[in-house]
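Quick heads-up: structures coming right below.
What follows is chain A paired twice: with chain B in the first complex and chain C in the second.
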Partner chain A sequence: MKRRKFIGLGFATMAVTALQSVSSASIFSEHPKAFMAKTGDEALKDAYGTTDVMKDDKAMLKLPDIAENGGAVPVTVSTSLNNAKNMSLIIDGNPRPLAASWELTEGTIPKFSTRIKMRKTGNVRLIVEDANGKLHEAVKQVKVTVGGCGG
Partner chain B sequence: MSSLNRREFLYMMSVLGASSLYAKSHQKLFDVKNVDSYYKIENFGNARFLHMTDCHAQLMPVHFREPSVNLGLYSNYGKPPHIVGEHFLKYYGIKEGSRAAFSMTCINYAENAKRFHRVGGFAHIKTLTDHLRGSFGKNKTLFLDGGDTWQGSATSLYTRGKDMVEALNILGVDVCTGHWEFTYKEKEILANIKALKADFVAQNVTVKDEALMDGAHAYNEDTGRAFRPYVMKKMGDHMVAVIGQAFPYTTIANPQRFIPDWSFGINPDEMQELVDEVRAKEKPDAVVVISHNGYDVDKKMAAVVSGIDFIFGGHTHDAVPEAVPVKNSKGVTHVINSGSNGKFIGVLDMDIKDKKVRDFRFTLMPVFSDLLPEDTQMKKHIDSVRAPFIEKLTKPLATTDNLLYRRGNFNGTFDQIICDALREVKGADISMSPGFRWGTSVLPGEAITFDDLMNHTSMTYPETYTRDVKGADLHNILEDVADNLFNKDPFLQQGGDMVRTGGLSYTIDPSKDIGKRITNLELSSGEKIDANRIYKLAGWSTVGSASTGEPVWETVEKYLADHKHIKNLKLETPDIIGVKDNPGIQRSLYPGKA
Partner chain C sequence: MGIKAIAKVKKDIATVKLLVKHPMASGKIGGGKGDPKYINHLTVKYGGRVVYDMYPTSAISKNPYIKFAFKGAKKGDKITVEWKDNTGAGEKKDIKLK
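Our next item is the complex of A and B:
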């Protein structure tokens, strides 16, 4: 399939997913405070009731080392876990660190790409909640520069 | 083919004085006793690569002083290319005052330059590379250019890089990649690539999704790659894959506004996938990368990606006379960097057998313009390119008592003139000029021509600015740029030098983390910088959006017309902490505390 068409399809799929998320029990409806939390750990605590995470290779996070544009940093999140329940993206340097949360219904391929806004250099964290309610974490630092002088 | 005759060979050999001690160098490079050596080096193996990089559009022979400060920290402390001056001579066993020492170090530069004259120049390069190709076998030789080829001179800007595309075509380059090439507009770049006879390769440039949706052209819509990622080349009986790696931070270090559709990155995972795919699908006899990553980034890429035989690197302008081995999970990748400004041609001969590179010889060959005759076809091209502008280009703007140069981690003397000009002409407290690594040298006693000035300023975003900046923000700018240069992780190094400052002095500890490297910010009056006070800052070359002031060469031209003669130039360099024994600094040539 041509990438152009595939991307078009992707947009359509995303719209459907968003509808599903709203209609299911989501972090946003059950834990409205999480998205307003001022630190990543506060958001975690509110959304999952714990800040205990396992740093393993189950959560996968793809981000550039240095952002081309802090206003739109491309990120891809995924997990190798079967039946994961939820994935959340936390940007520690932002005023409201919880940036996105995905409810994974049965049959969903747990891989999403989106753009995030980053105020400054800092860690981006992906949290994946497995079928047993345990949390898995991937962390990556992304640098946001004030302007380079390459040469 | 060559227009080099025996007498010229003999002359070359007698004047090159140094023994070649580097591992895997061709025999008798600098220690030539027999007439058939020097530029006619001993052939080795069955495939020859010629490598040129970062010529910065220097069609004419140049003076280019190598750095007296090129600090390496952490795992790169004291490793090539972070060895300069006398440390370099000692490390490589080169005799002071020899041609090799002149071409690769800053030691007695002005004095040596008067003895050995200019280096590089495309008419001389053409003679040398035709000779190196002809003597080995045209069908077994491949010529690679690592980019930063279409920018850096007045004529490259006036012709939007076209003069260099034609020069590359005449030279017979086979494969290219880019960096400053991407500072022209997207349409101009694509037209230039079309006019280029060589293959232009880059695995790490993609078309942004939204641009694809709008119908932007991609080389491959499935992968999103904007350009051909690799090309297969026949070398004698063997097939070699050449993968391209453009400068990964083009859209951060240079403006995005000229190329809004394209996204860049190091993309090591994609590089690994590509190497594996090429190895499986094409069954190449060897895999090489033509890279514009920069030396330390290439070394890290060589460590995390396996399956590459050689990386022909550029960007950081390092003249390293050996191929440095880097271990990775499946074997060894050798990293090469062949200097800048047309000063050198890297020559790599490989012995390939049974789909393996069994052995090799590498030699970094200086291009001495007084020893190599000019190629007439190239000379004609250069003359025709320069003819419409020749009066302006050769116009003397001022004379100088000081050796003028730019290259080095901190202010060079030519930068100092730019910084002084910005402050004086614009009435600013402080001035800043980017830490570019291009920019040629002017010898004491010579005139500074418009050509020389453009060699330091010629680019597509030369506009100047003045603005009010808080003391705290001045500090932030210095910290940010220092982190691009000295970050512990090479993948976070952008390959430029430190921003040049005028009217502002500071102390730097390069080994600290971001936010903690820069201290003691002072105005040149000795007054401390107040974090909350507003200062008037003048500068040029804005990456974000275009500034509105005149191009910086007009600012400097005015300054030089007012002063007429440069003397007793006061070089503003920071005091550096923790580098006393670092072989990346020639302390005898450093005016600050170090």
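Our next item is the complex of A and C:
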């Protein structure tokens, strides 16, 4: 009986471990505060400890000039760096500017597309952290006709 | 909730398009009503390694669309998509590479 109980417990522990495995350690799981920051620079400080960025062509950001529906703005983020560590997307006009972050893994092509919500006209920034911990930035202004943060 | 996906392999590169059914609600912070409910971690695994590791927020549109690609893929293999949201809810689904 006791042995069975023990095995049952083992399975329960395994299930818990499996659930936790999705939140493996990373800069973003360790700095959840960054996602609650109220300005883009505050988010940068929380996540990376600095707001020093290099404006070069290593970070690339594809967005429309004008977004008619701020509730779904298509965006593609990418980097030409081979061994970058992570990427963060900051929407300066939003109440919580850090919109999404990606940890870059081996074999994955660092080019991702998704859709974002923008409350108002403003800058969208992509931050790429390279292998040496330096930050590269791309900035693009998007005009928003109808804001889309509600809901 | 629900995960829809298309994953196609060309040579050894898999291109994955995902559509996850989720409200991605920002709650009062974004000017909405009710409590926030949004995916805050989404991963895709292939053969034991993580090939996509995203930390979204409620600034990602409702029913998130995600596109990415990874190298070293083989037709017929499967990828595992898994997400968790800020309320502790989550979902996991296997998708076959075509």
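Keep this in mind: the second predicted complex is superposed on the first by the 119 of 151 C-alpha atoms of A that agree within 3 Å, B and C clash if a C-alpha of one lies under 4 Å from a C-alpha of the other, contacts with A are read in each partner's own complex, and residues count from 1 in each chain.
Everything that follows uses one rule, which is that a residue touches a chain if its C-beta (ideal position, glycine included) is under 8 Å from a C-beta of that chain, and two chains touch if they have at least 3 such contacts.
This one's a predicted model, so the numbers in the text were calculated from it and none came from an experiment.
Chemist: Counting only touches as set out at the top, which of chain B and chain C does A:I116 meet: first, second, both, neither?
Modeler: After superposing on A, A:I116 lies in contact with chain C but is clear of chain B.
Chemist: Considering only touches as defined above, state whether A:I66 meets chain B (first), chain C (second), both or neither.
Modeler: Only chain B is touched by A:I66; chain C is not.
Chemist: Report the partner of chain A that touches more of its residues: chain B or chain C.
Modeler: After superposing on chain A, more of chain A is contacted by C.
Chemist: A:V146 in the overlay: touching chain B, chain C, both, or neither? Say first, second, both or neither.
Modeler: In the superposition, A:V146 contacts chain B only.
Chemist: Applying the touch criterion given at the start, work out whether A:S29 contacts chain B, chain C, both or neither, answering first, second, both or neither.
Modeler: The answer is second: A:S29 touches chain C but not chain B.
Chemist: Which residues of chain A are in contact with chain B in one complex and with chain C in the other?
Modeler: Touching chain B and chain C on chain A: residues 148-151.
Chemist: Under the stated contact criterion, what part of chain B meets chain A in this complex?
Modeler: 179, 209, 212-213, 218, 221-224, 247, 249-254, 256, 263-266, 269, 434-438, 476-477, 480-481, 483-484, 489, 491-492, 494-497, 499, 514, 541-544
Chemist: Can you name the residues of chain C that touch chain A in the complex?
Modeler: 13, 23, 25-26, 29-33, 40-41, 43, 49-62, 64-72, 82-84, 90
Chemist: Per the contact definition, I'd like the list of chain A residues that touch chain C in the complex.
Modeler: On the chain A side, the touching residues are 19, 22-24, 26, 28-29, 35, 71-73, 91, 94-96, 98-109, 111-117, 119, 148-151.
Chemist: Going by the contact rule set out above, which residues of chain A touch chain B in the complex?
Modeler: The touching residues are 1-4, 7-8, 62, 64-69, 74, 121, 143, 145-151.
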